[in-house]
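Heads up, the next two complexes both have subunit A, just with different partners, subunit B and then subunit C.
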Partner chain A sequence: MRQAYIQTPCYTGDVSGACSALYELGGMTVMHDPSGCNSTYNTHDEIRWYDRESLIFLSGLTDLDVILGDDERLIGDVCRAAEALHPAFIALVNSPLPWLNGTDFDAVCRLIGERTSLPAFHVPTNGMHDYVRGAGLALETWARHFVKEPRAGREKGKIRANLMGLTPLDFALRDTVSSLRSLLSEAGFEPWSFWAMDDDPENLKRASEADVSLVVSAAGLRAARFLERTFGVPYLAAFPAMGIRDRVWSLLEETASSGKSRSLSHALDLGKEEEGALFLVGEPVTMGSLAAAVHARTGRPCRVLVPLEETETLLGPCFTRVSGEEEIRRALKGAGAVLADPMYRPLVPEGADLVPLPHLAYSGRIFLKEIPDLTAFVPEGL
Partner chain B sequence: MIKLAFYGKGGIGKSTLVSNLALLLAERGLRVVQIGCDPKADSTRFLREGKSLPTVMDKIRERVPFALSDVLIRGREGVLLAEAGGPLPGRGCAGRGIITALEKLEELGLYETCRPDVVLYDVLGDVVCGGFAMPMRSSYAERVYILTSGEAMSVYAAANIAMALKSFEGRGYADLGGFILNRRDVPREEERVRDLAADFGAEVTGALSRSPKYQEAEEAGLPLVLLAPESPEAGELSALADAILPPEERKG
Partner chain C sequence: MLIRAGERESLRSPDVPGPEGCVIPIGETAWPSPFPNELEFNAPVHGSWNIVHIGMLMPECHQIYVCADNCMRGVIMTAAEMREEERFHFVLLEEEDIYEGNLEDVTIEGISDCLERLPERPPCVMVFLVCLHHFVGTNAGRVYEELEKRFPDICFLRCWMDPVMQKRGLTPDQKARKAMLDPLEPLPFTVEDRVAVLGDNRRLEESSDICRLLSGAGFSVGQIMDCRTFAKYRELAGSRLFITRSYMGLYGMKGLKKRLGRPLLYMPPAMGYDEIDSLLGALAGALSLPAPDTAPLRERADRALAHALEKIGRTPIAIDVLGVPRPLGLARLLTEHGFRVSCVFLDAFSEEEKEDYEWLKDRLPSLRISATVHVRLRRLHGRREVFLGEEGREGDKVLAIGPKAAFFLDTGHFVNLVEMNGMWGYDGIIRLAGLMEEAFDFEKDTRDLVPRKGLGCVSCV
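The block that comes next holds the complex of A and B.
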């Protein structure tokens, strides 16, 4: 039972992660699936429906489409919808059935692109991974298609910073995004492009002209690496939590000037003693930075448990990658307190306090109203 | 790097042909990779020199990480050999197995690590599902060669494969390189295969004679071009190697 989840939920899946990442970029996103991915995304993982529109569709894949290998219905439906709705691009998101069936999305996108004259690409999800991978793949794929070469003749000015990894799945309270923009400005940086909330896609296309990227969640790592690899924009993985902001800004400046990418997590000393420590469970960039803030403020030893994929390079010495309830329960043994989504309660050891920090990608909308602005979040009672 | 895929009715001699071509191209100084795309995993047996070769799907089945060197061996004349393999007989999905295996070889860095001049995909029988079309897909083979005799069932299968390829127009798949006649000495054989090729606007790239030498080579566990390098049969194979990969393409 090493990787089973019996008392607790699992994180949002990769298909929803991809849709969430592309939601505000002006394209038409089509989940190629019978309907399960659609209802999960609509019902549990997306909270923006009432605030702003987005062209998110489901292909309504049928058993006969799969058995007969009939891609033409998907292609025809997508082309007709695109003709009526004029999206900026078309993104197909793969799901378990077409993945198992080996549907050739490259070929399907090529045909759609030819017929619609629109950029068409697919996000190689398969419904078997978590949202970090899905959102990461979507942002990276979008970047590969749309980020332009930097324009020449830039005048010297403030350090331009991209912000990578913004989706409601990690930052459900939109105030967090506007706070991040203000904080960056106040710290003397020029907020350059925000991937991918509250920004004009045209700004994202100019992300290559930034001096540095600040990866605020693991979902932004793939796109940040693409910018580094292709345009030489280095990145820092850190979240400017209250209490460690000066350190984050100074590292961001250093990253921009040295051109060397880094993760705050690798520089963190969160105390020696594990027994009685505060254990933070969740997304590694935000949780790592919150741990650093708590440790800086209280001196309490902290440890970070990371149950998410594609996070290995973000784990510092006080971080542990965990998978499955059994492993999480074992890792939490001896914890003095646990800071995590309330749905982790069954795994919190007896005698340890749970400090709740709801996470949309984990508990959905159950605790939506209690999700704070992470830039101003100071855990109580520690 | 040139990637070529070989299709044709089961039992028509694809593996025999591909192994001989692999050797001949290696003798011409090219770095050659031969990939068997059949769950039976018998494409490379005459080139292995008795070495064992776990299939990619065998290694995947073990559910532990593995390296390219676990599923790739150097065979006769330095030809690099891999077998996709498949699910257990009568279970799972063989076509999906081919997709998984080819993707795994790519993920393990086959093309970057070996930097082959030529990759030959030896594909099971007909294009029965999407998985067996994988070697035709973009980023895989540039050209497909279809091996056929003049027998009705073989011509029928060859036409099916060519039609599948034609139906993929616009998808960026491989081009039809041509048909290869493997003679069974049936009446009007050349004419039938020439007509088939003409129907698809293609050519008969080469022809191989029916000869007991192929059985002798099989008995000896050797490719014909090694057993009888000076034979007329080896001459036909050599001419075919030059036809499918002309000297001007070999530097690619």
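The block that comes next holds the complex of A and C.
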């Protein structure tokens, strides 16, 4: 049965994804949930508690709240907390029970907005999806509320690039983000806004003035599409892994000049032979780019297995969307080696090596100290 | 949406006075809820045990959760961090399962699939259903009936991960502890010289007053932590007397007492000498033993506290309820012995501490009571002056007893313990005094230690 797991974990959920995406944007995020989503996020999916200011709270939903539909408690509690803490905005993140009883979050947010005079919105998660969807929804919703019309009269200059899809869930080592900033600059681009780590929210509000967006993880896709749809900012989905950077920069430039969005994955030929290939399992933008780098360096055929939602448009010809541990186990049959989070080890076929690449959104903090700067990551032994 | 018409029955106190609204002198607190019940902040302090940790005490038992992704991940990672992932399995619920109203089928088929794929069939499985099962009206009885039909060799324990019910009823923790007692069924014999200590998370040490009293009278002590097999665990049902130290275990233990028709003693981790004497006296009485002479133990405890006081002096001390189940009792004990207790971290007072509360309110009205989940706390990490007042001047040494107190005071001088680490009675006080001295002398890496889950369990973090 696809939904039954006996050996491997599941990915970070959508509620955590949404909280993670909004963490550094100066708002107050409230999970409307009894407890579970909050403790999961707080313990396993978030690593910035000591280092960064944030206001992420739990509503403490009770059975009576669910049965009676008494939203006033939530509204009152949120308004009182906002009055005490002065956030820049208020985000409500939905969980299974409010989803089940059909809580009218639009109305709740409207009332909160009226009472606090603060922008208030909700992220339509429900605890039943993965972090890509949750973070994607959060960034897209934030963008809809805050990204401004571009200012007129821009002078010609370097290509301005937004970086989309930055959360610790995919980039736990903060060095990766600073490396990305440096690499963009060194390649002649102007780093414009970083969604949503290590940047001033005011810069994100000006994302419409960029020439192009670089989507470095699937979590950034929804917001990138919003910028494309609303302001005509095209995007490229690719990660500048070591070994393919020139190709990524050239595609980024081409995307900016043509105005046509694309994904590196669609252009990838990762070798014909599937038997004995290197299989990469995980987030499609980073894993696809790492596959391209390995293939370019070694000529070894590669395949990418993607167990995450809302990734269909990012899958190239050598990519397969998979769901559930038994399907992944079957898909890995014949793999010569597997590059994946160490917690995939039980699914790796006998005789195949596992090249570990810990991923916070999968193994949580267990291998946190071993997570590398992905821009400098070169898998060993391949 | 619905808006409540008319007055709300108040779960919360009126507006809170005091510094920053979440720290109040005990003299001004309301009983039993000093703080409003509003949005919650979850500090990155995770030493407490959750249902996964508790369930893993059961020998040879596997756990299967049937839940949606986001909540599921927390329990999965709990098991993984304690290196028990091989005894943990799950079934992920999806929207379609709710739309199609077939939660029973998904639950039954998912659990069956997990069990059929296991290389060996466990003798016991804790099944955790969740909030969603309640709200779509899942027939849990049918689920277990079918599972027991398919797997007659497995003992299925009926557990819940339903925190939505916990503010008005039993917590998932209480339900899990109760379920773990269910396999103890009436036996046709009594092991006259054995007493079982159950319903607790932490092992009762041989050095404890309880164990010494029992072993001195020729009794053995049975605990789940010492059972290597499920069958051995079930044999504890034949014990002559049952003891629990934990309020959270009491609900299940009362059911056990009724089912087995055996006596039960509730021996909470008291901090007052008189209460400890009274509990030890009750234990002796239940076994027809003479009441123990505790005078030498009192003297030893006094000496240990005096020794600690000599070192710690008037250093401000903060205590949290995560570390010590009777924080007011400890605050009183330490105050009576000359220590300077400045702050206690808790969110509600326990009925069991009413007497200590009144004593402290009367004798130490300035003692600060701080919430642990109030939203304002998010911005108070390390703001010692808020928690300790004038006594918390920057740079001055403080001592925390419990990991949450250590986090909020941002100190490395702390006793890292949860639920008293199982320590009890005079022995517990003596050992705690030693730990306080050690914490005073040596700084710990708070940031590294307090986020680890389930203190006392294996943690690979």
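Quick note on the criterion: the second predicted complex is superposed on the first by the 381 of 382 C-alpha atoms of A that agree within 3 Å, B and C clash if a C-alpha of one lies under 4 Å from a C-alpha of the other, contacts with A are read in each partner's own complex, and residues count from 1 in each chain.
Keep this in mind: contacts are C-beta pairs under 8 Å (C-beta built on N, C-alpha and C of every residue); 3 or more make two chains touch, one makes a residue touch a chain.
Every value quoted in this text rests on a predicted model; they were computed, and no experiment measured them.
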| item | value |
| --- | --- |
| Partner chain in contact with A:Asn38 - subunit B first, subunit C second, else both or neither | second |
| First (subunit B), second (subunit C), both or neither touched by A:Leu55 | second |
| Contacts of A:Glu114 with subunit B and subunit C, given as first, second, both or neither | first |
| In the superposition, subunit B vs subunit C on subunit A residues touched | C |
| Touching partner for A:Thr320 - first (subunit B), second (subunit C), both, neither | neither |
| Touching partner for A:Thr103 - first (subunit B), second (subunit C), both, neither | both |
| Partner chain in contact with A:Ser95 - subunit B first, subunit C second, else both or neither | second |
| Touched partner set for A:Gly69, first subunit B, second subunit C, both or neither | both |
| Subunit A residues contacted in one complex by subunit B, in the other by subunit C | 69, 100-101, 103-104, 107 |
| Parts of subunit A lying in touch with subunit B, wherever the complex brings them together | 69, 100-104, 106-107, 110-111, 114 |
| Contact footprint of subunit A on subunit C as seen in their complex | 1-4, 8, 21, 37-44, 46, 50, 67-74, 76-77, 80-81, 85-86, 89-95, 98, 106, 109-111, 113-114, 117-118, 131-132, 134-136, 161, 163-168, 375-376, 378-379, 447, 451, 453, 460-461 |
| Contact footprint of subunit C on subunit A as seen in their complex | 1, 3-7, 9-16, 30, 34-45, 49-50, 53-55, 57-64, 66, 68-73, 77-78, 80-81, 84-85, 95-97, 100-101, 103-104, 107-108, 125-130, 343, 363-366, 368 |
| Residues on subunit B engaged by subunit A in the complex (per definition of touch) | 93, 95-96, 99, 129-131, 133-134, 137-139, 168, 170-173 |
